[in-house]
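Naming follows writing order (A, B, C, D and E), and every chain is counted from residue 1.
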Amino acid sequence: MNIATIIGIICGVAILCGATYMSTDSVDVFLNPAGFAIVFGGTIAATFICYPLKEVMRVLSVFMTALGAEELPIGNYIKALVDLSKQASAHGEEHLETLIPRIDNEFLRDGLQMLVDGYSKHELREILDNRIQQFHEQEYSAAGIYRTMARLSPAFGIIGTLIGLIAMMQAMGEDIAAIGPAMATALTTTLYGALFANMFFTPIAIKVEKRVEERTILMCVLRDGILFIKEKTPAPIVRDKLTGYLPPKRWSSIKG
Amino acid sequence: MNIATIIGIICGVAILCGATYMSTDSVDVFLNPAGFAIVFGGTIAATFICYPLKEVMRVLSVFMTALGAEELPIGNYIKALVDLSKQASAHGEEHLETLIPRIDNEFLRDGLQMLVDGYSKHELREILDNRIQQFHEQEYSAAGIYRTMARLSPAFGIIGTLIGLIAMMQAMGEDIAAIGPAMATALTTTLYGALFANMFFTPIAIKVEKRVEERTILMCVLRDGILFIKEKTPAPIVRDKLTGYLPPKRWSSIKG
Amino acid sequence: MNIATIIGIICGVAILCGATYMSTDSVDVFLNPAGFAIVFGGTIAATFICYPLKEVMRVLSVFMTALGAEELPIGNYIKALVDLSKQASAHGEEHLETLIPRIDNEFLRDGLQMLVDGYSKHELREILDNRIQQFHEQEYSAAGIYRTMARLSPAFGIIGTLIGLIAMMQAMGEDIAAIGPAMATALTTTLYGALFANMFFTPIAIKVEKRVEERTILMCVLRDGILFIKEKTPAPIVRDKLTGYLPPKRWSSIKG
Amino acid sequence: MNIATIIGIICGVAILCGATYMSTDSVDVFLNPAGFAIVFGGTIAATFICYPLKEVMRVLSVFMTALGAEELPIGNYIKALVDLSKQASAHGEEHLETLIPRIDNEFLRDGLQMLVDGYSKHELREILDNRIQQFHEQEYSAAGIYRTMARLSPAFGIIGTLIGLIAMMQAMGEDIAAIGPAMATALTTTLYGALFANMFFTPIAIKVEKRVEERTILMCVLRDGILFIKEKTPAPIVRDKLTGYLPPKRWSSIKG
Amino acid sequence: MNIATIIGIICGVAILCGATYMSTDSVDVFLNPAGFAIVFGGTIAATFICYPLKEVMRVLSVFMTALGAEELPIGNYIKALVDLSKQASAHGEEHLETLIPRIDNEFLRDGLQMLVDGYSKHELREILDNRIQQFHEQEYSAAGIYRTMARLSPAFGIIGTLIGLIAMMQAMGEDIAAIGPAMATALTTTLYGALFANMFFTPIAIKVEKRVEERTILMCVLRDGILFIKEKTPAPIVRDKLTGYLPPKRWSSIKG
């Protein structure tokens, strides 16, 4: 999804700028530093009353990762789990211990370690379920930071326009010709607020939420896989159950 | 639903265009390529930050299928399942194996294959339930793409109008007579945004969501049918249970 | 609720028309056939992309029934079920068979027929629960048609006004005196959209949703009654349980 | 909460009226009987299409009760239940029968009567749970009447303003000086709509919803108390369990 | 989170004020005591119809605590619980009794006291679950007070502007030059309403909701810890289960 998206974004932004450029002969009016400060400063200040800076940055980095990266390779994890399940039934659980250090995914490694340590199936399920639920709730609510910013920035855009309009109207009366440019400047903050919300904050929020959903599905796959290994379920059943987590059109794509 | 709908759409669009045509003597003002580029380009760019192109196209094709096709024939599937259940109790589960290759629906074929392969009832239910839940969640959230576009396009319509208004006001002062046409042009983008949202994106989203609901109900019918065959439930109970999934007015329409 | 409501509606509409009539000396301006076509045609066209005509008409007829009819007589059904439960314990289940053809309500008749046919309690509960759930989901989502129309019609009202404004502004410049009437005409479509949404579509949607809730409660009462008869629960317990479904102030109104 | 609230309301309304009075030299313009009729008549007419008059009045009386009354004394009920539980274990369930007629709360009296009548714990729980659930759903949805009116009244305020604007614009052209007062009159309906929604309907809806929540908590306390008496649970456990329903800061306030 | 946030807020507010100051040469117009009274008085009056003063102040103090304080040290509580669990298995439950008076957290102290008093595991779970659920529901709905104020204050801002506009228009006709300043004054109330909602009420509501979530998670940790001590679960399992409640990146941070 990588390159196509970036081309799409660049084209879209270029069209937006080009159309703006063509519609006016003085682009300067669209640059309003005081207005920018009101919209951006106000949104940031209101956000920082409710969320710590660290959290805002962390969610932004989740977004950057999600933008650059491919989809999570859930299919590969399913193949790896079917493999592990075959090895566990062939060589016993002890054999798994030698494989654990080679596993990248921390959730899977921790789960297998607990399995090897002899935790009961019920304990395993409780611990893993709790982790998945907490991961989903906490990450999803973190994505809410950008939902909040997407709601705040148009509000501060309108606040900026109101400030500009009030200042303009207060000075009105003598020179009608001055109304136009003053009103143009006042409206730029509404434009900034709408652009921030719809070009930055809303897409970031949606992308991060989608990423959290994908990672939650991956964690469910890993949890089910670990529990199947614990139960020594035959590999075909493991495969049939886990492929259900893939998008429907790929249900037949994992063959034993 | 097919032909009536298409006639309805054509009439509606014709009325909309006709009323517009009659209300003005220069239709040209409604054609604003730069404004179209802002609304369409902006919506597309913002959408492509969060969703891959492939996904957007896939959901569009679900919509086209749903538009062209009749309602899903759930009644026929119920009859077929009652039939299969009679044959399975008469000739045994092995007989089913010969029928499987003739079944079109992939979900039913996979389910019956697992039944013939000797999966336990509990395993069957877990695997099928998981597939239904994943299908519903993933497809429903895919329909959200068009909900997102329906929210973005009026926003970009307003952004386009703001750009036009700011450009106009900045140049204002000398020639009052120029305000009218410039403002008319600026407002066309709001019109585009509202039309896109209400004539395209919202109806597409609703149609796709309805289609997903219908297919989920069909999958529940097939799951219950497969489990009834596994349990060797008598055919009348199968029929009474499955007809409950039909719309209430058709509950008595399937007779043994 | 019947007569009072109709008087209420007529008074309300009369007040609305009277106040409009008194506020202007030329009522003609409020009649704008082209605008009416845009709002009504647009709403209908967008609705017919997502819903078949048959469904739209069916939900409208549910509304007409609900408007004309009294509240569902849940209290009477409870008395009838307590009666049936006494007869079933006195004369046995076979006696019920002779009573079934006299029962109007299809859901109750089907349920008692299954009871007489010897379905187990578990099967009865599954079949009836499934029917209630499907009834509730499918009917409630059908009421969503009018929710959709209530959202679309103000949007098309604004679309009509934008079309009118753009046409007016494009022609502006020469004759300032023509602005007033042209703008008045343009605004009528917003008025139509707001009136359709708030006087027709929203009330219809709420009424139909309430009717579905009421009928779902009735179906729960009937399901519990049938299961109590199956279990041969003593009549006082049947009565105490079922009266819980009535509005709280009537909990003491059904006496054994 | 009683007196403070009423002082608060009176002060608030006084400030609102005073500020309005000071901002203009002719208060008459704010009195617009035709506009009042449009907003109030329209809201009432649309409401009466979906809800019967009886229901609207009943919910209003719940609001008046809640406004005048103190918080529900849940703490006292808990003490009473702990007491009853001690007496029941000391003197047996038969002793309860003599106490029942002295109990005010109908839900508690009915529940204890069923307990004395020898209903099993399972039957008691089912009957009481069903009553609590129905009470909550039906009362909460009744509060929705005022939510609906809070949504309808600004809409009819805007409808009134549109009617006024259209009438004004249609007559425009000759006398520019007449625009101001006509527009002022047209805007009063928007003001009425906003005031009705924010000063009456929304607060009523919130207050009634809060009251329903409080009464539902009280009913849960009574249900648990009755079941504890049935089970002959020791009084300290009854107290520890029931105090959990109080606001957290009062968890230690009930001492045995 | 403390200092960074405060710097953030101060900078943001400074930018907002500075930009306002620079955009006009007469700051007086932004000070409109009558408008302030309408917005603030109206919001307060409408809020006090539904909520008692005591409750409004209590939630405000929760906000002040949350603003000044660090994050809840859930990690430390987990370590303390693992410790308690080791001591309980080494020295028996009686030893816990000597530790209880030293515990600050009331929820934990009450829970351990019940454990020492010999309540069964089932009773413990019921009592603690009920307390957590009631805490969450009641505190979360209390945060709703500020959500309500965030919705009411823009509405009263618009009400104030409407009052100002109506007063202005009524007096219009003679002196066009007076329109500007009057309109500027009228718009200040919309500005106040938007600022109150987006700088005060919404951030307070979000902060309090986040605090309630955090404290609910802490209570879940303490409940699970108490139940593990009751069950004499080995310390490593206690640690593995409880760390699941931490943010995902800290799952490995608590080592035995």
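Operating definition for what follows: contacts are C-beta pairs under 8 Å (C-beta built on N, C-alpha and C of every residue); 3 or more make two chains touch, one makes a residue touch a chain.
Computed from a prediction, not measured in an experiment: that's the story for all the values here.
Note whether the interface between subunit D and subunit E is symmetric in residue numbering, meaning over half of all numbers used appear on both sides, and answer same or different.
Different residues, largely: of all residue numbers at this interface, under half are found in both copies.
Roughly how many whole angstrom separate the Cα centroids of subunit A and subunit C?
39
Find the geometric centre of each of subunit A and subunit E from their Cα atoms only, then give the gap between the two centres in Å, rounded to an integer.
24
If a residue has to touch 2 or more other chains to count, which residues of subunit B qualify?
As it turns out, subunit B has no residue touching two or more other chains.
Can you tell me, using the touch rule above, whether these chains form a line, ring, star, complete graph or other shape?
ring
Ring order from subunit A, via subunit B next?
A, B, C, D, E
Taking the complex as given, what residues does subunit D use to touch subunit C?
That would be residues 34-35, 37-38, 41-42, 44-54, 106, 110, 114, 117, 119, 123, 126-127, 130-131, 134-135, 138-139, 141, 148, 151-152, 155-156, 158-160, 162-167, 169-173 of subunit D.
Along subunit D, where are the residues that touch subunit E in the complex?
1, 4-5, 8-9, 11-13, 15-16, 18-20, 22-26, 29-30, 67, 177-181, 183-184, 187-188, 190-191, 194-195, 197-199, 202-204, 206-207, 210, 213, 217, 236-237, 240-241, 244-248, 251-252
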